[in-house]
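One chain, subunit A, links the two complexes that follow: it is found with subunit B in the first and with subunit C in the second.
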Partner chain A sequence: MTEYFIRRIIQSIVVLFLVTVVTFAIIHLAPGGPTEVLVAPGLSPEAFEVQKRNLGLDQPAHIQYVRWIGKLLQGDLGKTFKNSVPVGELLWPTIGNTFVLMGAAWLVAMVIAIPWGIYNSTREYGLSDQTASFISYLGFAMPTFWFGIILQQYFSLKLNWFPLSDMWTMGKKGDIGDLLMHLVLPVCVLSLAFLAYYVKYSRSSMLEVLQQDYIRTARAKGVRENRVIFRHALRNALIPIITIIGLDLPMLVSGAALTENVFNWPGMGRLFVDMAIAREYNVLMAIVMVTSVMVVIGNLLADILYAVADPRVKLGRKGGDTA
Partner chain B sequence: MSGVVPRQEPTLADVPGMGSPVPPPAMDKPQGPWKTAGKRFVRNPYAMGGLAVLLFFAIVAILAPVIAPYEPDKIDFMNTNLPPGTKGYPLGTDELGRDIFSRLVYSSQISLTVGFSVAAAAVLIGSLVGAVAGYFGGWIDTILMRLVDVMNSLPSLFLNILVLSIFGSDFIYMVLVLSFTGWMGVARLVRGTFLQLREMQYVEAARATGVSSWGIMFRHLLRNSSHPIIVNATLMVGSAILSESALSYLGLGIQAPETSWGLMLSNAQEFMLVDPLQALYPGLCILIIVLAVNFIGDGIQDALNPREKKTFSARRLRQWRNKYSKSTG
Partner chain C sequence: MVSIRKWLSLVLYVMLVGALLAACSSDKGGSTTTENPPPSNEQTDTNTPDDSKETDNPPAAEDGPVDGGTLTFSSFTDIVTINPIFINDTASSDAAHFLLAKVYDLAPDGQIVVEPWSLAAELPEISEDSKTYTVKLKPEAKWTDGTPVTADDLIYTIETIKNEDTGSPARSTMEKVAKTEKVDDHTVKITLSEVFAPFQYSLVIELAPAHILKDVPVKKLLDHEYGKDPAKTVTNGPWKWTEWQKTQHLTFEKDPNYWGATKPHIDKIVYKIYADQNTEVQALLKGDTDHTSAIPVVQVEAVKKNSSITLIQEPGPSYEFIGFNFKEDNFPDKFVPFATQKTRQAIAYALNRQGMVDNVLKGTGVLMNSPFLPGSWADPGDNAVNYEYNPEKAKQLLAEDGWVLNEKTGILEKDGKKFSFELEYNAGNSRREAIAQVIQSNLKEVGIEVIPKAIDFSIWVPQHLNVGKYQTILLGWSLEDPDPNADSIFSSKFFPPAGQNMGWYKNEKLDQLWVDGYSTIDQEERKKVYAEIGKEISTDLPYIFLYRYGNATGIGPRVAYAEEDAPVPTLPKGYFYHVINGGSSRNVRLLNR
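Up next, the complex of A and B:
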């Protein structure tokens, strides 16, 4: 077990290292590379060279990479090209904002979807099951940002129930009630996306367990159905649901780029899009890195949680990474 | 699309690397497996409905110059913001006087082209990587699979935005970057099959008769992955359409004067107060077309593996989740 964990951790570190290489390469392989953003109208070639040198962009790519990663390891994410704002100052508050939004959406989805899926597993193909599956299909096929726009039009422009966009009303920053009102619509949008597969997830996880022999044994010896479901089956069905918690952790900071843009939510996804249009590569690299770190940690946690929670999981080299 | 509540168990259309490879066709059966699968597919009303809708959109896309009354980028300042139902403009016009119906019709070209070319390119890259990794194994496999891990760890939407912001928003770049971030699923599938099959005797026999490695990989082994690849590719068409609309919505995909449903949506959001209906149509088109593609994908899945287990283990759920969650958020 320990050996497996250590191997997974080393693997994760290697993956993260490669992620930095890939991200860096994409930016520097581009025609013109990051320097292109410095070209401003009316900038003399001399001034351009000075600017380039100041930002260290005159060095060969591998030297720039080593410098960048050296700083990254010390927690220095660099500065923006324009205005020289430290990237961290831009980034950290938005992570918090995204976390609030996604956390809320995720909680809502979990609270609705898991019990619903479990209920549906006991009444396969019933009305509720079919509704859930209909909603899942919709959730998978619907462009989330479109759903957001439709909700905005109906519930804030027409009915005026909820604010149109942003996180706070002007001058009301810090007011929890105001925040909650702003949360309703984006949370609706995002939780539908989560809900779409959580319902299926918990349903099939439960069905898988209900087919096991020990459930049949429990029923055969006369255990009441409720007890079979809640005492015998649910515990094992929850194990894969635990894994998804780990897997979805990274989404809590990264998963809302589109919704954030629709609702003008000051989160990381919106920052990314803004910075991509402004071509602030330091910010972009930092965000990609933060997200990738979260993904890798999430995967690692999911594997570890799963292994700890379910002793039947075979840990071994073989087939360990076939999936 | 009112009666879409599926009567059957909706499959989650997922097969990656699971279970035994497709069995060879039994000799005493008069019909091949493809034919029987085809029959099952035809009997599935959702799949057939999906196919009909997809065909409809394909015809609209091909006949766009005939169907659309105006050029999609024809600006007409005399007729801006006309309401739907105005004579000559069935769905009205936008703030520049462009006919919304014509724009919708032309946009289907973009969506379908992106969807199918991305799926094709991703399958190509994925099969190549997966085949090489699974067939040669060893350090080649390790390197390629770490690459898959890396690509899976990179947030795909961010990566798409990043690449498009660097290279510029161009149709070709968009197809390339969407394939570049979408091939990993196929690679894993193909690798899984190859790992299982490369020690089989028929492979050895082929090798003994002098078939080259590439010949064995692409003539003999790849066929065994064809079922899951087809299902995966179908679903990828849908997710590519969603991604295209998302990127265009964010202003990084299709650019004016070209038109796309995503672009129309970003436009509509700006003029939400003027004409709230404008946002409805493009989104509905995306929803319907992606829904159709997903129904087809699930139908193919059911047709090819009718006895496929309907519930699945955590590992498969994870793969399935990875596939579907590409465009959430």
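Up next, the complex of A and C:
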């Protein structure tokens, strides 16, 4: 297990390094640059050059990269070009905000979807199953921002039940009740999308398990149906779901830019869009780094949980005698 | 192993149950907050006797503005810095408008004036040879740390902006300054290298505090916390900066020690940042924000339906145009189809500009015939030719100019070459996209083929505009500086890369007129010159001037103002006109709803 961990961590570092190289290259290949965006057509060309020189953007891309990674290794994410604000000051609060929103949406979706999917697997094509199918298609097909706007029009502007946008009412920062009220609408939007996905997944995963021989055996030997479902089937059906959860983990911080925009949620998705428009390379790189780290951790976690849940899965090179 | 599996099931179970409980408690927590009335219960302190809605009437003395309360203004971008040396974007200059006084302010007709809240004590004294400006500052003006605003601040600001190493976006405004001298603590003498009338508008600036910044090397100035850290940013305006929650909001609070003779009324101003314009408009409709200056055209109808919101549709100081390129290299066979004046006039007649304003801009636009700020002292008015939509006249002019219709293609031809050109605009700009289509179909009617071409802005600017490589463009200019001088976009002295005459337009008569225009400080004299320019430029048409356009401004029901303090949309920052008015603070005044 230890050997496995070390190997995975080394692999992860290599992957992260490659991610930075590729992202840096793509960002720098994209047309335009921070100075072009800063300056409207009309500003004197000298001012352009001075700005570029001051920001170190007159250097070739590979030198800029070496400088950037050098700083990163010392824990310095750099500063924004336009006003030299440390990247962390912008980034860290938004990660937390996105985590609150996505975490809530994800939790709500799981709590509803997994039990529902399991229930539906036992009553295939019943009313509940059909309803779930319908909602799933709706969730897959409906653009989230559009659904968000509809909810806002009705529940906020018309009925005035919930706040329109933002995370807190001005001056009420830290008030949990206020936060929860602000969460309701965006969580509805986001959890519908998650729900569609998880309900389908848990249902089909469960159905697959229910057709296994050992389920038939269990039933044949007279085990009560409830016990078959919860004791024999569920645990096996959860294994692939755990994988999905692990793979979804990065989403909890990367956010949903569109939903964050509609609800003016001060999260990382929104920050990414703003910073991409402004060509703030350092912020973009930092966001990509954070997201990649989450992907790596998510995958690692999924693998570990997988092994823990299913003794047949062995981690390690030779099949791991430690598991 | 078994124990581990049990443990896992337990964890999953706890997780699910826990989540369920969390969801339940969230409902509970929610219902307690619904009891609070939606926004702003803090303005209950404004017990004005009148809770009527007569917001348009100037308030009489006794029902005048009420002190206290909070107003929310909004934006869809965050600020960059409020250090005046680096301000280059709308949000930062909006914020600076509340926090920093300007040396001079602007009157509705675009003249410079001394308001009670201006730093200058009187209008600049200009020497006999029109080259030396003497500026006297008010001795009572103070920074929030108690230090007086002095001649040193003005000198420091001008010299730093002018210094090439600073990289200030305002550098061109100080280019003509030859030297600055301190006469006494509150008087500065500024000498220009040549007579340059537009310089007076370079003095409509906020100042940077010399006592804080003078020892900071200019190259490190952008790194300095001044302008970014509210606690370390001394200001000299009616409100002081108390908070900057990045990407979310800024707050400004009334400065109890404000030096101005007239004091602001609003205790606290929140400058709120929204993700985009649509989100901002929704917030206006909800009452989350009291003022937005960026209502996109497509949202105008929705805002109109809400009767409690005052909608100001008169557009700001920006205009859109079709720019011709006269450089032969940009055309196949070096044939510039619109090389002659008559042909360009025909194009002007063929375009239904009023139709564009009515249908595409939904009324948020006003026709323009020359590149001058409408309503300003330099507006040439009727001296500029107005081309009414008249396709017949256009066809006639084209025929007179030697264009013959090819019956087969439906396109005009001259010497075997067809009348066809590309019209470039920036991709993703839906207004320009719609206008380009109107132009295409209008010109098709008279036999001209237009090929609209959308290009990403970040490629368009450096690779097409700044180097003058295109056939025609659909672009807009913002007249942030109310001075009529526009030689840097029309004079042949300013071909790229020296200036923004990107269409390589050359007209010797105009070249001279522009010089005449800035070489005298006599306003009456200047007025005549610009009337002449208006006539010549609208006859010769380097551009087809389309319309003034912009976002509408929406003002919520909690805001009221006297007529003389109403927003002046044509002015730069006109949506905040007199926002600082002491007697009646833009008369931004809170009404009991």
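As a working rule, the second predicted complex is superposed on the first by the 278 of 323 C-alpha atoms of A that agree within 3 Å, B and C clash if a C-alpha of one lies under 4 Å from a C-alpha of the other, contacts with A are read in each partner's own complex, and residues count from 1 in each chain.
The rule is short, and it goes like this: a residue touches a chain if its C-beta (ideal position, glycine included) is under 8 Å from a C-beta of that chain, and two chains touch if they have at least 3 such contacts.
Here the structure is a predicted model, which is why all the values come from computation and not from measurement.
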{"item": "Which superposed partner A:92 touches (first subunit B, second subunit C, both, neither)", "value": "neither"}
{"item": "Touching partner for A:177 - first (subunit B), second (subunit C), both, neither", "value": "second"}
{"item": "Touched partner set for A:111, first subunit B, second subunit C, both or neither", "value": "second"}
{"item": "Touching partner for A:291 - first (subunit B), second (subunit C), both, neither", "value": "first"}
{"item": "Touching partner for A:214 - first (subunit B), second (subunit C), both, neither", "value": "neither"}
{"item": "Touching partner for A:272 - first (subunit B), second (subunit C), both, neither", "value": "first"}
{"item": "Common interface positions of subunit A, toward subunit B and toward subunit C", "value": "30-31, 152, 157, 261-262, 279"}
{"item": "Touching residues on subunit C, where the partner in the complex is subunit A", "value": "1, 4-5, 8-9, 12, 16, 19-20, 22-23, 26, 29-30, 32-34, 38-39, 42, 70, 72, 77-78, 80-81, 86, 88, 164-169, 171-172, 219, 222-223, 227-228, 246-249, 270, 272, 274-276, 279, 282-283, 285-286, 288, 456-459, 461-462, 465-466, 475, 477, 488, 497, 500"}
{"item": "Residues of subunit A that touch subunit B when the two form their complex", "value": "11, 14-16, 18-19, 22-23, 26-27, 30-31, 124-125, 130-131, 133-134, 136-138, 140-147, 149-150, 152-153, 157-158, 190, 193-194, 196-197, 200-201, 204-205, 207-208, 211, 239-240, 243-244, 247, 250-251, 254-259, 261-262, 269, 272-273, 276-277, 279, 284, 287-288, 291-292, 295-296, 299, 302, 306, 321-323"}
{"item": "Subunit B to subunit A touching residues, read off their complex", "value": "4-7, 9-10, 12, 16-17, 145-147, 149-155, 157-159, 161-167, 188, 191-192, 195, 238, 242, 245-246, 249-252, 262, 265, 268-269, 272-273, 276, 279-280, 282-283, 286-287, 290-291, 294-295, 310-321, 324-325, 327-329"}
{"item": "Subunit C contact footprint on subunit A (complex, rising order)", "value": "30-33, 36-39, 41-47, 50-51, 54, 79, 82-85, 89-90, 93-94, 104, 107-108, 110-111, 114-115, 152, 156-157, 160-161, 163-166, 169-171, 175-178, 180-181, 183-184, 235, 238, 260-264, 266, 270-271, 274, 279, 305, 308-309, 311"}
